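These are the structures in question, set out in turn.
You will see two complexes here that share chain A, one where it goes with chain B and one where it goes with chain C.
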Partner chain A sequence: MWTLIKREIEDNYIFFVITLLITLIFCAIFAWQIYYGNFRDVLVLVTSLWNVFPLVLIFCGLGAAQMYWDRTKKISALLATLPVGRGQIFSARVIAGFLLVVTGMFPLAAVTVVAILTKPLIPGSLVRLIFPQAMAPVFLLGFVCYCVGLQAGWTSSKIVPTLGSIVISVILISLIAIKGFGWESYLLLILLISACLARAWHTFSKVPL
Partner chain B sequence: MSGSKMINIIARGFIVLVIFSLILFWARFRCWNKLFSNIPESSRILAIYPSGLIPGEPPPHFSNKKGYTMSELDPNEPNVHFSQVHCSLEPQLFFNNAFGILKTLSTPYDINEKIYYNNYLCFDKRKGLIVSRYKYEERSDAGEMIAKSIELFAGPHGVSQTPEPSLGRFNDLIMGDIQSRSFWIYDNKLRQFYLLDFVERTVKKGIQLEKSNTRELVAIEIINSWPYYSGSVGWISSVKWIEKYKWEYKEITVMGESNEKWYCFSQDMIKTYAPAQPYVSVLDKTGQIYIYDSNEESLKPAGYLPRPPSLFMSNEPQSQPKELLVYKALPVYAILRTPPDFNKPPERVEVKYLGMNVSSVSREGTAMTLAVFDPNGKQIYRVNTNINGIPSAQAIYTQPPGSSLLTAIEYGIESLQPPLFELASYLCDDIIKPSAGYRSLFILPNSFMGMLGRAMPQRFVEKQILALLWMCPSLILSVWLSNKIRKDAKLTGLSSMAVKAWMAGTIAFGLPAYITYRLTRYKEVMITCRNCGKLRRPDMDTCHHCGSKWDLPELVAPNWRICD
Partner chain C sequence: MSEYAIQIENLVKYFDGRCVLDSIDLKVPQGCIYGLLGRNGAGKTTIIRILLGLEPATRGRTIVLGESSWQLPVSVLGQIGYVAEGHNLIPNYSVQKIVGLYKSLSAHWNEQFFRRLIETFKLPMERKVSQLSRGMRAQLNLSLAMATEPKLLILDDPTLGLDTVSRRQFLELAIELISRDGRTILFCSHILSDVERLADRIGILRAGKLVVDCELEQLKKRVRKLRVIFDGDLPGEIPITEIIAQKRQGREMIITAANWNENKQAILNIFKPASCTDIPMTLEEIFIECTAWAGESIADYEKEN
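Our next item is the complex of A and B:
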């Protein structure tokens, strides 16, 4: 399984590199603003998390790329000749996507935690309230977009996965703008992830390799 | 139909439904935004001046008028020296409510959600304590000012620097609009008022309501939304007096009192001048407002939340808090202070309650009412927003230029919503909070069906017929689509059970169900059946039209012949 995950990461290393680069730039700007800028309000701090939207499109791109290359280059057909099941191939793919989302979100989360701990602007109980409230839906949104990419990529056309997944991602991003950081966002995003994964797995498992 | 295929259809259907609902949300948003922007500015502001609350002033005029600022003050206006009660409804109120992200980012606390916090003060539900963290400056031995911060914890039994168990626990807590570090709170579970003072580090118990008393209080210092959220840019309610170009307070003579000079304040200013104010306004679940007098340890009726007119008119004068988008009650007080110089610390402060003004905005955000109550809680004046003399809740759809077309478009968009959700909007009543109404994706409490559902409880039959008529376009579309599915499903060889399921699903979920069907229907090329000549599916053993198998039996010549 680890070999499969490693192969997925190696095949799509460019997505990981770009994600890491963008995240580090955001983190640097973010940290500078906290320690040297005019960051006084913790709520403004939360808004900075919305800088991650370009990342969301990269996550979507990875999902689409994984499925697109699989279909056009017959990667799964090749792997199926080895003692590997479709379930393992699909799981490895999804885990790689999950790791990409973590790569994008974790440094930002870490910087936010450090900032909150080292700049005691607010009571400790609030940190617990605000931090997961803001980060969790953004993380889930990133993963939803990756799952949307998985579905959009399962075609031999290049335009559909690119434009289709971008349009759907933009529409889905507005979900958080509308619903905010409440439980409704969590519920909808988790249901969307489940639905997208179920769809992607159904497509992947039924199509002859 | 196999289990995995069923899951695939449900999964795809859900994705389609969410994306479809998001697209409809933006279309509705565009329409509503335009409808709200079309309301003339003069119809958005209500004013009563003189307010009727200040002793010695003449009876008031009622007006839909443009609000004024200091710079716009006209000294020739005859009523300019009298107190004015006014409130203003701005389109941004709708905008702010339509986006949950704005609410999360700009609302330090929400009384309805019972989460209370601002930069330095919050209620820690886990500990059951109110936490106050604030910065202060202290002079060092070297004479330099050093910034320090302190965190204090308050429970029913006291205030401490550490969260000790001996402080006790607050439970179902209601706090007001906390601006100072001394304020009143009420615990619904303990049914007890407390006066918290983080400066003196004391907790003073107030009145405890009796168990038999069914009143459940929902707010202290009644305002249900934070000014960032709906105040200066969305909705304002205030009492102003501009005598001698001063906004802060008004010098008056209180009838029946001594000849000493009293000063008049609205609630939002009184804390500055009378820190030990004895009155607290509280609101209960039914919309009744009380004044809690901490000197007399009594709770007296002071007014109620007025019900703004709705599209389907209701005659009830009072509204419950859960039925209103925003509301605010502003008591007015007279203060007798010794010495009268407000720059000096007071030796004696006497406070007298003069009455209050209460404003409320309907849950759809289309109407606003302003009412004035005397000190005994009797309503003395009341005005509603209107456009060309018609209540704004109705006029907004027809009166401003272009609004009829926008209303038609809005209705068309709402009719694309699945009939099941339309029905749910009709039945949901007040389950969805007013502030969440504009953010709803599936069940739409602010749609025409939602408004109808909340209206006319006394005319049951008429209401049901009207609802059915209102749903007609949506139902007709669903039935038409389900019929299309039936015809197509028969051609593609779906079982009669599956056809029925798709038809029922389409009648319930409308267009999203139809899109899901089109996306999941059988797409392979079909083959002509050798027996019946119709198109049949290559993946099925028998023709779904005539039931013949792939291998037809050879034609056997009959034993009979036709002879001339």
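Our next item is the complex of A and C:
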């Protein structure tokens, strides 16, 4: 399994490099805002989290790229003739996607923790809300976009599913932007992740390779 | 463990409403070298893809090493080596990297044998797969499949793209592999002399139907080409069934017939031919006759249904 995950990461290393680069830039801006900016309250933290939205496009791109290259280079057709099941190929792919989202989100979360610990001026009640109501939904949103890309990549030869997945991503981001973070967002995102993964697996497990 | 490495029962496959495999029944015994022949588009690659679980069957049952081929367990996949038509290897990988991938994922890996193959074929390990010639890709693919020491080796036109020397090298290696503890090999090839040299059982597909399934020697006995010379004029229609081809000229008649037996010989003798001599046929000639023939089938065992 590790070989398959390693292969996915190595083949798509460019996505990891770009994600890490963007995240580090955001972290630097974020840290600067906290320590040297005109920082008054925790809202700055929350609004800064919206900066991660360019990242979700990269997550979406990874999902699409994994499936698109698989189809065009017949990677799964090769792997499936080795002692590897389709389930393992798919799981390795999703784990690589999960790791990309973690790569993008973890440094931001780390900077937030440091900011909270070193800035006692931030009200405790708001601090407690940052992780469950901001960081976690952003993480889930990133993963949803990856899953949407995963589906789109397999059907990218058809214009409707490709445009459809982009429209879904835009609607989703807008919906959360309007509705705000909260438990409802959690539910919505978890449902979407489950639906996307189930659909992608169903297609991948049945399709001729 | 079943006595058959591969069992296909009533296999039917449709692509977009077009029947490409029509009620195929086929059994490959353990340790057998089975040559599957057929013209382009006859359905050879489709059978192989179904056997490997890459393509679902429309109807029928396919068993490989005792397991249903759609969703083969990893333990069974580990006992199968496969060389795909067109040598499907990840093009942007270096040879080194693809070897590493095979090594990590394969259930068995014979490094010593692999090194020998690489040296024989003189494959450049640093070069990318996309930069290899078609022949080199074929050699790499063969080496990878053989190094996994498979119990069942499936070769889909393995020598396609190889020059004469490399083809000979491959055949010698294949013979060496075969001579090791009773491996089963299913292979398709357009080079019939290779098939003739290696195979001990032959299947011929024609337009999705298996028209021949028997041992090579049996096939040569069953498909007979006879030069029949009569003293007087040639008789009219000779009531022998399964005549593949018939050529008449002067007092001479050349008959190619399937499933030749004593009864057919007796019918021919009724017409009192002056002489009846066998014309030896190569596998290539038999193949050409069989693929042109509209008859049912040539097999040396009773079909179950």
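By definition in this document, the second predicted complex is superposed on the first by the 194 of 209 C-alpha atoms of A that agree within 3 Å, B and C clash if a C-alpha of one lies under 4 Å from a C-alpha of the other, contacts with A are read in each partner's own complex, and residues count from 1 in each chain.
To be clear about the criterion, a contact is a pair of C-beta atoms (placed from the backbone, for glycine too) under 8 Å apart; a residue touches a chain by one contact, two chains touch by 3 or more.
Source: prediction; values computed, not measured.
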Would chain B and chain C fit next to each other on chain A once aligned, or clash? fit
Is A:22 touching anything from chain B or chain C once the two structures are fitted on A? First, second, both or neither. neither
Tell me which partner A:178 touches in the superposition: chain B (first), chain C (second), both or neither. first
Which of chain B and chain C A:31 touches, first, second, both or neither: neither
Looking at the overlay, what does A:79 touch: chain B (first), chain C (second), both, or neither? second
State whether A:7 touches chain B only (first), chain C only (second), both chains, or neither. second
Which of the two partners, first being chain B and second being chain C, lies in contact with A:136: first, second, both, or neither? neither
With both structures superposed, pick whichever of chain B and chain C touches the larger number of chain A residues. B
Could you grab the smallest C-alpha gap between chain B and chain C in the overlay, to the nearest Å? 5
Same chain A residues contacting chain B and chain C, which ones? 206
Touching chain C in the complex: which residues of chain A? 3-4, 7, 73-75, 77-85, 88, 206, 208-209
What residues on chain A touch chain B, complex-wise? 41-43, 46-47, 120-123, 125-126, 129, 133, 168, 171-172, 174-182, 184-185, 188, 191-192, 194-196, 198-199, 202-203, 205-206
Of all residues in chain B, which touch chain A in the complex? 4-5, 7-8, 10-12, 14-15, 18-19, 22-23, 25-26, 98-106, 108, 115, 117, 119-120, 122, 124, 126-127, 131, 133, 149, 151, 439, 441
Chain A-touching residues of chain C, taken from the complex the two chains share: 49, 52-56, 71, 73-75, 77-78, 80, 82, 84, 88-92, 101-102, 104-107
